[in-house]
Amino acid sequence: MTLIVVLAAMGGLFALTILALAIGRTALGPVVVYGGSLLICAVAGLAALWQLVGGAEAPTATLPLGLPWLGAHFRIDALAAFFLVVVNLGSAAASLFALGYGRREHAPMRVLPFYPTFLAAMSLVVVADDAYTFLFSWELMSISSWALVVAHHETRDNLRAGYIYVVMASFGTFALLLAFGLLAGSDGGYAFAQMRDLPLTPTVAALVLILVLVGAGSKAGLVPLHVWLPLAHPAAPSHVSALMSGVMTKVAVYAFIRIVFDLLQTPVWWSSMLVLAIAGITCVMGVLYALMQHDLKRLLAYHTVENIGIIFIGLGLALAFQAYGLASAAALAFTAALLHVFNHSLFKSLLFFGSGAVLNATGMRDMEHQGGLIHRMPLTAFTFLVGSVAISALPPLNGFVSEWLTFQAILLSPELPSWGLKFLVPAVGALLALSAALAAACFVKAFGVTFLGRPRSKAAERAQETDRYSLAAMFLLAGLCLIAGIFPGVFIDALAPVAKALVGESLPLQSDLPYFSIVPIAESRGSYDGLLVFLFMLVSGSLAAVAIHRLASNRLRRGPAWDCGFPDPSPATQYSSASFAQPIRRVFGTMMFRARETVDMPAPGDMRPARLEVGLRDLIWDVAYAPIVGGIDYGARQLNRLQFLTIRQYLSLVFAALVGLLLVLAIWP
Amino acid sequence: MSLDAVILVLLIPATTAVLLAVLPGDRRTAYLNIAATFLTFLAASSLLFFDRPPPGPYLLVDDLNSVFIVLITFVGFTTSVFSASYIDHEFEAGLVTPSFLRLYHALYQVLMFAFGLALLTNNIGVMWVAIELATLTTVMMVGIYRTHEALEAAWKYFILASVGIALALFGTILVYMAAQPAIGEGLDSMVWTILMAHANGFDPGLLNLAFVFLLLGYGTKVGLAPLHAWLPDAHAEGPTPISAVLSGLLLNVALYALLRFKMLLGANPEALAPGPLMIGMGLLSVLFAAFMLYRRGDIKRLFAYSSIEHMGIITFAFGVGGPLANFAGLLHMCLHSLTKSAIFFAVGDIVQVKGTQKIADMGGLTVTNPVLGWGLVAGVVAIAGLPPLGIFMSEFLVVSSTFAREPLLAVPLVLGLLIGVGALFLRLNTIAFGEPRGPTHKAQGSYVPMFAHLGLVLMAGIYLPGPVVALFQNVARLLE
Amino acid sequence: MMLNLLVQGAQMALVLLLAPLLVGFVRKMKARLLRRQGPPLLQPYRDLIRLLRKEVVLADGASWLFRACPYVIFAAIWVAASLVPTFGAGLMFSWSADLIAIIALLGLARFFLALAGLDIGTSFGGIGASREVMIASLAEPAMLMVVFTLALVAGSTQLSTMAGFLVSSEVGLRVSLGMALFALIMVAIAENGRIPIDNPATHLELTMVHEAMVLEYSGRHLALIDLASEIKLLLYASLIACLFVPWGLAPAGATPEALAIGLAAYVAKLGVGGFLLAVFETSIAKMRVFRVPEFLGAALMLGLLAALLLFVSRSL
Amino acid sequence: MTQSLIFDIAHLLAGSLLLVSFMLLYQDRLYALLNVYALHALVLAMSVAWQAYAQDAPHLYVTAAIALVFKAILIPVVLHRMIVKLGIHRQVETVVGIGPTMLLGMGLVALSMVVMLHVTAGADPLAREDLAFALSVVLLGLLMMVTRRNVVGQVVGFMSLENGLVLAATGAKGMPLVVEISVAFSILIAFIVIGIFLFRIRERFDTVDVAALDSYRGEPQ
């Protein structure tokens, strides 16, 4: 039943694509496409939710499509259902946002036809139950999102972003393809059911694991495979950026979980170490890169990298605990990861919506020209603030809950017998803590420079509050962030069947605990109650306010800012995003980015302004990618000579080939 | 009944060729051309449905060549439709003369006849003659514009092809000598069906030697590196419909010949396995072409090199063998000729719109000519092996089935594919996106053939009809 | 039940009332160490009341966030402080937030404080905010590493449980605990903007961190923020007290006598702590802002080392 | 006449064809080259005729006749004319010197012998020896094509290669279509020669007179 609804929904989305080709140019186009996708995704999401909570038997179906002798297999187990919820919730929210935002699109025919396909492809990846259908949808997802990335192709950067994206995407797909090739075995058992039964040798299993880490990781944005992400996500229209960052990366996480936890039955003992190390590095690198950005959307994209790192830390811990048979601990780590998947999809979409609203209001992505928007667009500012608090992992919002669970899981590391892990896990914990703190710093900067202070440009002064559809979407997500923050138990219980299915154990039931508190292992080990914390703060804050206004003064007078006696007229003297990040850049940047500051101080009497220039270098690109590019270019240049030989020289090639083959024959036994 | 169909497949083009040769050159002859190719296509496809005649000394119909003949005649038909509109535009533009039209259309039919003969014959000698005929015809068509570049390309093609032909003939003679002791003197020793029947009695050493010569001889036509040199220039300098014919038809026919001889070697237990040789040349072609794609400034050469890459993939697949890989190779061959000819249709229009073949002088095509531009994008996405289009399926099968058995072979293949994808999209960015560059006339050529092909490829990616699958699987088993 | 609620309420009131006193005490001690008379002990209360009575002068560019921040900051820190065991462990709601949550609450307060610093759009606010987050970005992980160490020892992140465990005999002296204590003290100094990180008494603009952020605040807003920072100092003091000198801490559901003893012990601990702080502050000088990272980096390393050494010492 | 004698004569003729191929390689003046090629064709005609007699396959006489008339007489004359008309250098320009070419040729012959003896253990000796000679003639022809710069040199190389093919074809007992094939090949050669004349190719295959087209491939070099 659920499956039928979901597949029908996908069909509907493809139909919308056709429709978009027809009426995309008309004023009606965006309304139909986005409204339609909103409804369809809402339905599909609800169906999946029903499947997840109702815990019915996993429905399966086989359509006579795809590989002829195999057919297209579909299945919705608990894992798929959960990710369907994430995907379709995000898609629905994005469509709602786009109902307002998308109407102002200047090239609708470059967005509308691909948008529903993109949504459908993401859901299809999750419900696919054989390798061909999976990779087909996976690559369809990539290519349709590529089309959306190059929708605004006038700017060179977007084209470059799209190019790097499509190459990296094919790279990842090939990695997954090879992995499936190994899992399927030589006689091509491409159905997931067959793969689960196929026994693998340890080396093959290890190979599969690495390939999956590369394939899914390149899509999710694990360092050092993340390079395309901060280029491509911001280049797309904002609602698509939200989808790519908030949802598509989660599909990649799904691929990792599906293959490593489900299909790959042979355990690889060192897998957890590899995953943990990469994940820890990803966290810190991601947030440090984010701190150095001035482009709001790119900053958000880099934060996606960071959060993916957090998710993979959870998954790595789950692998570690699973490898040593600590099922309940594995369940804790796994649940933490999944909960963060959900939470991140909420607040990352929310933040991208906010950035879209800002982009719309001021026409700029560069934070250095924003400022003071909180006065012009207070509602957007409020929702963006909620998102910032959530992503900075601060109570009482949802971001904190999942990171708290991850910490709790890390604290179980002493139970691990392996020495390597004993030492690795606390180190990873330190990295996680560092990245959490840096994230907070980064969002103080993002929100402060964009929304607070004084406008740094005319455009920022003239900004207008965004339309009501966008606001509705943002408030919806902000509300969900709060609810998921103060009633985490409900969501953890919803995840129980997933954990049960994949790590064989699940967290104790949370919803019957008093005051909605959550207790991952035992009361004595640690507990958290978002609701109470929230209420306490509400009460004490309002108590203080009331008391003061009643008993003490409530008088208020406006006046010029004091600023130690010399208030500066020009907004240019405010702290900008670069200057705000400067202390942190001096701490980390010199090592991470070869940050170099050059001060050009004119001589006294010289009228030109002094300049301070900061040079940052992306070492990962320099080390990992530049050589490849150079190598290919070199090879192309060398081989290209062959295009300009004379006929006689070509004949000599043929002659050489002939003689060579004859020699082979002559020495053939 | 069906023997008549076979005769028709050969007869229609032959007679039409004579007819077109004698008729005065005129725009209307294009319609005669279309009609003839269409009838040929009908006759060919009827081969699928009626029971087949017993193989004679000269003619043979089996699963393998019926797949080829249907594909070839279909692409021949659509190409003739496209070429009608294309040549018409050239004619209006005053680029070509009536005598040109006459020659062009006559040669087109001769070509179709040569292909049909090469595919349907049961005799390796006749096959060789037919392929030589096809070569000479295409040489003349490539040089038909009489420009310096065209003449040079044609000349280069001619010389290299002649050497290839010579080598192929030597191989054919060797096969005969290998067969002659077992079968006896005379015609029988050149007849496929009989050769196959007695293959295991042949002298393996001679067969090996023969295969080396045949691989190099027909491989020249397939365009495998390092024998590819004629291919890019021939594609680039001839009329665009002929580029489509070369990529979509000639390469496949040559490949068909190779496959036949591979089967022959496969049927002889002592002979060395032809697989490794084909795998080696296939990989070489893929990697080489992938690198060559990067520095192409000429749009037709770009896609010519991509043809080399894909012929490499197909040869590789057949070299690997096994039901999956063979199926994949066959599928890839069909889809590649459909896609590549569709791309060349698009390229023809683009060149007419922009008035140049230099990629640097064209840009923003999706802005100026949306239908054409997105058609090209779809074609490139397809040729890059991305869904929802069908080549994804064949590449999926090739890579995954190879990797499970021979991991070390799949890795270089994947590298080549990846590098190729990079190059194709790099050029696509320049052609289809960005600020519009160059003139922006309306395109004259008809879009119908292009989108017909793309539609078929799209369908293949999503749903393959059962009968087609069954047919392909039979062929795959035949090729074992 | 009723009693528990009462005790919890008492704790909340206690931290509120005691915080200014601690600050006053420290100031007094410092003055005395410098052979000065120094302000009276109750001076902080007077300041607060005076500020509360004054009207608020709000900068023109201030937004609603600027006015909301003091309440958020105050609420967050107050809640955090009231969840740290002071005189008695196992308070009624102590389980509603463990040590990690408490640190996060402080982080929340800092988050909004930094935003408030940026709101008006003055350069000093910017200086303060950017330096604050830089310091925090190193102090928080250091703090969390301390938490790890203790949690790994006590097998819990629940403060009451930790205190209960650490007071028990089986802990003994551990090198990692020592390191943790050291790191925690360094973090506490940094977090509360004490010398050598920041000087609460200074108004030399270029050296300020905390003061620079609250520069634009006045009246009741300033009062709330000052009170909040005083509570924060108290919070850290009582945190160190309950984690490293948990003796005298009244167990859960204890009798009134025990509570009384706990209270006395607590006040004594605060006194000692305040005195030590004063001694420390008078004996060293403030460091340059960009020496702070090294200081906190050392704390972070100490914390990590403590966590790692733990395994060694444990496995022995 | 005994079988062995037949064999020996066939062998002798085939061998002498190979010898003439070497003479071709040795030539350094075009006229001489053409004359030697005529000789080459003549020997081929004789060998084909002998095969026709030996296998009493009358149709092979046709092939022999073609070889004699077309290759031994017509083509050399035409080429001779052409050299005069187009004012082609009378010198044979070689890529590698005559000496090294000869050595290479030796290597090739050795190779073909090895291959033949290695692979065709079973085949009947006449065919086998014949085949070995044919293969070496083919290889030498190819070698000539790639080591000679003159168009005439290259054409001659190709034609000697083709002679090798015909030798092989006739050597194969009772091979059908030999006549057709040799005709087809003569047409091919005619095309080439005409092509040279048409495109007024002076020196090399790859400088058609119109321009130095090698430089242009529609590509930035």
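Letters A, B, C and D name the chains as they come in the text, with residue numbers starting at 1 for each one.
Definition applied: contacts are C-beta pairs under 8 Å (C-beta built on N, C-alpha and C of every residue); 3 or more make two chains touch, one makes a residue touch a chain.
Note that the structure is predicted; figures quoted are calculated from it, not measured.
With centres taken as mean CA coordinates, the chain nearest to the overall protein centre is A. Chain pair with the most C-beta contact pairs: A-C.
The greatest centre-to-centre gap from chain C, using C-alpha centroids, is found for D.
Centroids built from CA atoms put chain D at 99 Å from chain C.
Distance between chain B and chain C, defined via averaged C-alpha coordinates, is recorded as 78 Å. Once the centre of each chain is set as its mean CA position, chain A and chain D turn out to be 69 Å apart. Note on chain placement: the centre of chain A and the centre of chain B lie 44 Å apart, centres being C-alpha means.
Contact of a single residue of chain B with at least two other chains is seen at positions 155-156, 159, 163, 208-209, 232, 295. Chain C has no residue in contact with two or more other chains.
Each of residues 643, 647, 651, 654, 658, 662, 665, 668 in chain A touches at least two other chains.
Pairs of chains that satisfy the touch definition comprise A-B, A-C, A-D, B-D.
Contacts from chain B toward chain D in the complex involve residues 125-126, 128-129, 132, 136, 148-149, 151-152, 155-156, 158-159, 162-163, 165-166, 169-170, 173-174, 176-178, 180-181, 185-187, 189-190, 203-206, 208-209, 232-233, 236-237, 295-298, 300-301, 357-358. Contacts from chain A toward chain D in the complex involve residues 643-644, 646-648, 651-652, 654-655, 658-659, 662-663, 665-666, 668.
The touching residues of chain D, counted against chain B in their complex, run 115-116, 118-124, 127, 131, 134-135, 138, 142, 145, 158, 161-162, 164-165, 168-169, 172-177, 180-181, 184-185, 188, 191-192, 195, 199, 201, 205-206, 208, 210-211, 213-214, 216-220. Contacts from chain A toward chain B in the complex involve residues 64-69, 109-110, 131-132, 135-137, 139-140, 142-143, 150, 153-154, 156, 159, 162-163, 166-167, 170-171, 174, 177-178, 180-182, 184-186, 188, 190, 207, 632-633, 635-637, 639-640, 642-643, 645, 647, 650-651, 653-654, 656-658, 661-662, 665, 668.
Contact residues of chain A toward chain C in the complex are 371-372, 374-375, 378, 381, 385, 389, 392-395, 400, 404, 407-408, 410-411, 414, 422-423, 426-427, 429-430, 433-434, 436-438, 440-441, 443-445, 447-449, 452-454, 515, 517, 523-529, 532-533, 536-538, 540-542, 544-545, 548, 552-564, 567-568, 571, 573-575, 579-584, 586-587.
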